[in-house]
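Here chain A shows up in two complexes: once beside chain B, once beside chain C.
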Partner chain A sequence: MNENRIRYKKNQQMIIVVLLLALVTYLSSVLTDFNILHGLATLPEAFIWIFSNLVVTEESLERMPTILDKLVETILMSIAATTTATILSLFLGVMGSKSVGTSKLLGILARFIASLSRNIPVVAWALILLLSFGQNSLTGYLALFVGSVGFLTRAFIEVIDESSQSAVEALQATGATYIQIIMKAVIPECLPQIISWILFMIETNIRNATLVGILTGTGIGYTFDLYYKTLNYHGVALVTVSIVVAVILIELLSNHVRKVIL
Partner chain B sequence: MSLLTVQQLGKSYNNQNKVLQNVNFEVDAGEFISIIGPSGAGKSTLLRCINRMVDIDEGAVIFDGADVGTLNKKELRKLRTDIGMVFQHYNLVPRLSVIENVLHGRFGYKTTLQGVMGRFTEEEKERAFFLLEKLGIVEHAYKRCDQLSGGQQQRVGIARALIQEPKIVLCDEPIASLDPNASKIIMDHLKSITMELGITCIVNLHQVEVARDYSDRIIGLRQGQVVFDDVSHRLTLERTDVIYGTKTKPVPVVRELATV
Partner chain C sequence: MQATTHMKRRSDGRISIKSGNEVQLIMQLTILILTVLTVLAFLFFDYTGLDIQRAIQETAYNLKVMFLEPALSHFGWGEAIYQVGITLGLAFLSTILGAVLSFFLALSAATNLTNEWITKIVRIFLAFIRAVPTVLWVLIFAIAAGLGSEAAVLGMLFHSIAYLVKAFSEAFEEVDKGIIEALRATGAGWWHIVVHAILPSTFTYLMSWTFLRFEINFAVAVAMGAAAGAGGIGFELFMASSFYFDLREVGMITYMILVLAIILEVISTLLKNRYFPASIKN
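Let's look at the complex of A and B:
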């Protein structure tokens, strides 16, 4: 009886939510002059174009060595950006955590840096950095680095604050120094989650690196851009496929690592 | 001179209600003392004032000639190497091995770098194994602590405290999370090892019977004040009632004290 009423109520809520969503969709498409039906109608045509043009041909396979070269460069840069960002983020994470942070001021500073670098999209960072560093791989690296610092710091603060503080108390009572406590109790305790976040960040950065590369003219993003602008759609297809394969491989690999360490 | 003197000790966390007030007692080297009292009486706070894990508000704690409340950072670190601490929840680093956790007890004697690099002397390692052997868990030395039972983890905690070569060991409810069997093992080890090594021991306990069985002397705490401080066998039922604020009817039968 009671249960029925609850279910009825839930259904009612569901209907209201769906209606609201439909209304919002309608209003926003009216406001932006975006015709959903028209958009849907062009879909088949677009797909036909994609499947007839964006195919990997034998001829484009000849470019594979160059593409692989650039792909490896991009992956390495993503990893470098992530690992260096990790070092800074660990400091900021410790500073910003409520449980092991040393001072309120430093904590606020760390969280401010984190939210500043996280809330500006990586693409925006790339554009900003382009102005001062120009089109080179340093700009791409820095854009990824800055974005990673924001994200990782935030993640590390949470990991440290959620980990148990009991060992910290015990080590304080033995007369251990602050750095000993961080390095020998806090970090070891949080290590699996820390590694997990680093792997996630590497995956994300490889995806972002393509986009950033288009802007900064480096790595696989540049190759993509080049083929795209020279209307070499077979090349574009090959680049896309290789990026997808690389990302999937990296994801599989990091999932495996996660399974081993957790 | 006594090893530890607590004089007019007062403590409050939020300036409103006093958690401890006018606490006075002395501890001689080699004593085995239990502190009992109801939950919230301030037992944990009292222990933590001794190694200044919490700040002292009023009065003084004199340990081994040093006024604990006035020590600077470096002196405090030195003081803490002389005071071992054992916790209810063991407070180990669960992902690290037993031997690593035991050696953590040596950090107070090392420079930051030595500690971070994990540079321990052969002597220290031998001592760690000696203590694990004594506590009967040497075969688990390379296991991760989260693979041990509660009783075994607590023995790791005790080894970590003892490898400090402390003058005193403070135990905050070391058996509160253990079953009677494991509790007995822990209390037996605490008693025998501290006696053998001549280490003073203060244990916070919830079980009056255990306190009476193991300690030379019992301090009863109630609402932050010492309401009993005497040799264990003088702790009568009426006095227990005073400490816990309970009322037991005068029963003629002698209560059988089951050792845990």
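Let's look at the complex of A and C:
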């Protein structure tokens, strides 16, 4: 009897949630002028178009050196943004952590900076920086850097707070200074996780770099945009394929590193 | 990191005190390589037309104008809220459609529900989808399927599926084996198991993951508006900064996005703490 009632109530809750979602879905489609039937109907056509037009031809292969050059620039930009952001984020992470943080005020400050740089979209940073830094690699680098700081700081705070405190306590007992504790206990303890997050951030940044590149006119994103706007679809295909290959290679490499260190 | 019981010796017979520390070696190597690449990056950057001192001063001034004197000038508040609504709508549609499709794909990607090779095929397919940046998906669909919200939603859908299938299938794999076995013993079919065992025990979990993706998709929708012409507040942001050079409007739009993003982040942090075990937080 009682069990039936509980089950009935649970079912009712699920139905309410589903109905509510259906309502919001309907409202969103009206608002954005989205027609799912039309979307589905164009899908086969879209794929036929993709497979017949987005093919790499020999002619487009001639552009490979330029594309590779830009691809390398993009990858280096992503790595540089991540590593330099890591240095700042480590400071902010230690400041913002509850277990090894120095003072409450600094902790709040670190979390505030992280939240600001994470929640203002990379697009906004890119557009703002573009105004005064102009169309060069540094603009893209800085936009990625700011976004990475926010993300990595949050990750590092979590890693530090969840790591074991025994090494910290042991060093405290020996009378080690604060810097010594951080350098010899906290960082080594969290290093595998930290490296894993760095690798993750590099992968994310390479994808984001394409987006930032389209906006700021740098790197592989700019190359893509150029081909896209001049309707050179073989070029578009070649750029896409080279990004895919680069991302998958880097993912495989970092998965391998992760497997060993974690 | 298993303790080795035997002693490794070097070629000259001395005991190698660094033995068994592949982990340390790989970590040091990773850090070294990344450092070298970073230095190389700064050497090879293209610095055309850059006057660093002026650029920093100007950016500082721009940021001051943006954040201290925000104002709307090219459109009113009603229009602004409507544009934010469009961005939220795009994010919501791609999330909810992604969640429904991911549910079925995840059933075929969970190792305890299907055989191994289907799982492998689905995973390879997803790895490919993830490797193409969202903006490229949206732009490619914009030419293949015609401009409009359909292209944006389809493009964003792809990455949502890649993300949610991974999360969902991991949730399914954690369902108590006993429940599935008990149902199988009564002669229940595959669909019975899904509807009566898998779905009820993972429902709240699936909803939380879907919301986390919604938070990400909001940021993606803003980006797609700016970079792929998908409309919404992101497009207004792009217009304000690249066409009107109106920093006050850029500031106001940034504030609007910031407030929404923080609200979404707070909700998803609450959901994470409530429904997720500490071990799988990211």
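Quick note on the criterion: the second predicted complex is superposed on the first by the 238 of 262 C-alpha atoms of A that agree within 3 Å, B and C clash if a C-alpha of one lies under 4 Å from a C-alpha of the other, contacts with A are read in each partner's own complex, and residues count from 1 in each chain.
The definition used in the following text is that a residue touches a chain if its C-beta (ideal position, glycine included) is under 8 Å from a C-beta of that chain, and two chains touch if they have at least 3 such contacts.
If you're wondering where the values come from, they're calculated on a predicted model, not measured in any experiment.
Chemist: Of chain B and chain C, which one touches more of chain A's residues?
Modeler: C
Chemist: In the overlay, answer first, second, both or neither for which of chain B and chain C A:Leu191 touches.
Modeler: both
Chemist: State whether A:Ser99 touches chain B only (first), chain C only (second), both chains, or neither.
Modeler: The answer is neither, since A:Ser99 touches no partner chain.
Chemist: Look at A:Gln180 in the shared chain and tell me whether it touches chain B only, chain C only, both, or neither; answer first, second, both or neither.
Modeler: First partner only.
Chemist: Once the structures are superposed on A, label A:Gln172 by its partner contacts, choosing first (chain B), second (chain C), both or neither.
Modeler: A:Gln172 sits against chain B, while chain C stays out of touch.
Chemist: Tell me which partner A:Asn232 touches in the superposition: chain B (first), chain C (second), both or neither.
Modeler: A:Asn232 sits against neither chain B nor chain C.
Chemist: Could you say whether A:Ile79 touches chain B, chain C, both of them, or neither, answering first, second, both or neither?
Modeler: Touch partner of A:Ile79: chain C, not chain B.
Chemist: So which positions on chain A get touched by both chain B and chain C?
Modeler: On chain A, the residues that contact chain B in one structure and chain C in the other are 191-192.
Chemist: Note which residues of chain A are touching chain B in the complex, please.
Modeler: 164, 166-167, 169-177, 179-180, 183-185, 188-189, 191-192
Chemist: List the residues on chain C that touch chain A in their complex, please.
Modeler: Residue positions touching the partner: 22-23, 26-27, 30-31, 34-35, 37-38, 40-42, 44-50, 52, 54-56, 58-59, 62-63, 66, 85-86, 88-90, 92-93, 96-97, 127-128, 130-136, 139-141, 143-146, 148-150, 153-154, 200, 203, 207, 219, 222-223, 226-227, 231, 234, 237-238, 241-242, 245, 247, 250, 253-254, 257-258, 261-262, 265, 278, 281-282.
Chemist: Along chain A, where are the residues that touch chain C in the complex?
Modeler: Those in contact with chain C are residues 10, 14, 17, 21, 24-25, 27-29, 31-36, 38-39, 42-43, 45-47, 49-50, 54, 72-73, 76-77, 79-80, 82-84, 115-116, 118-124, 127-138, 141, 155, 158, 162, 191-192, 195, 198-199, 207-208, 210-211, 214-215, 218, 221, 224, 228, 233, 236, 240, 243-244, 247-248, 251, 257, 260-261.
Chemist: Name, in rising order, each residue of chain B that touches chain A in their complex.
Modeler: For this pair, the touching residues of chain B are 51, 53, 76-81, 83-85, 87, 89-96, 104-110, 112, 115-116, 118, 157, 160-161, 164.
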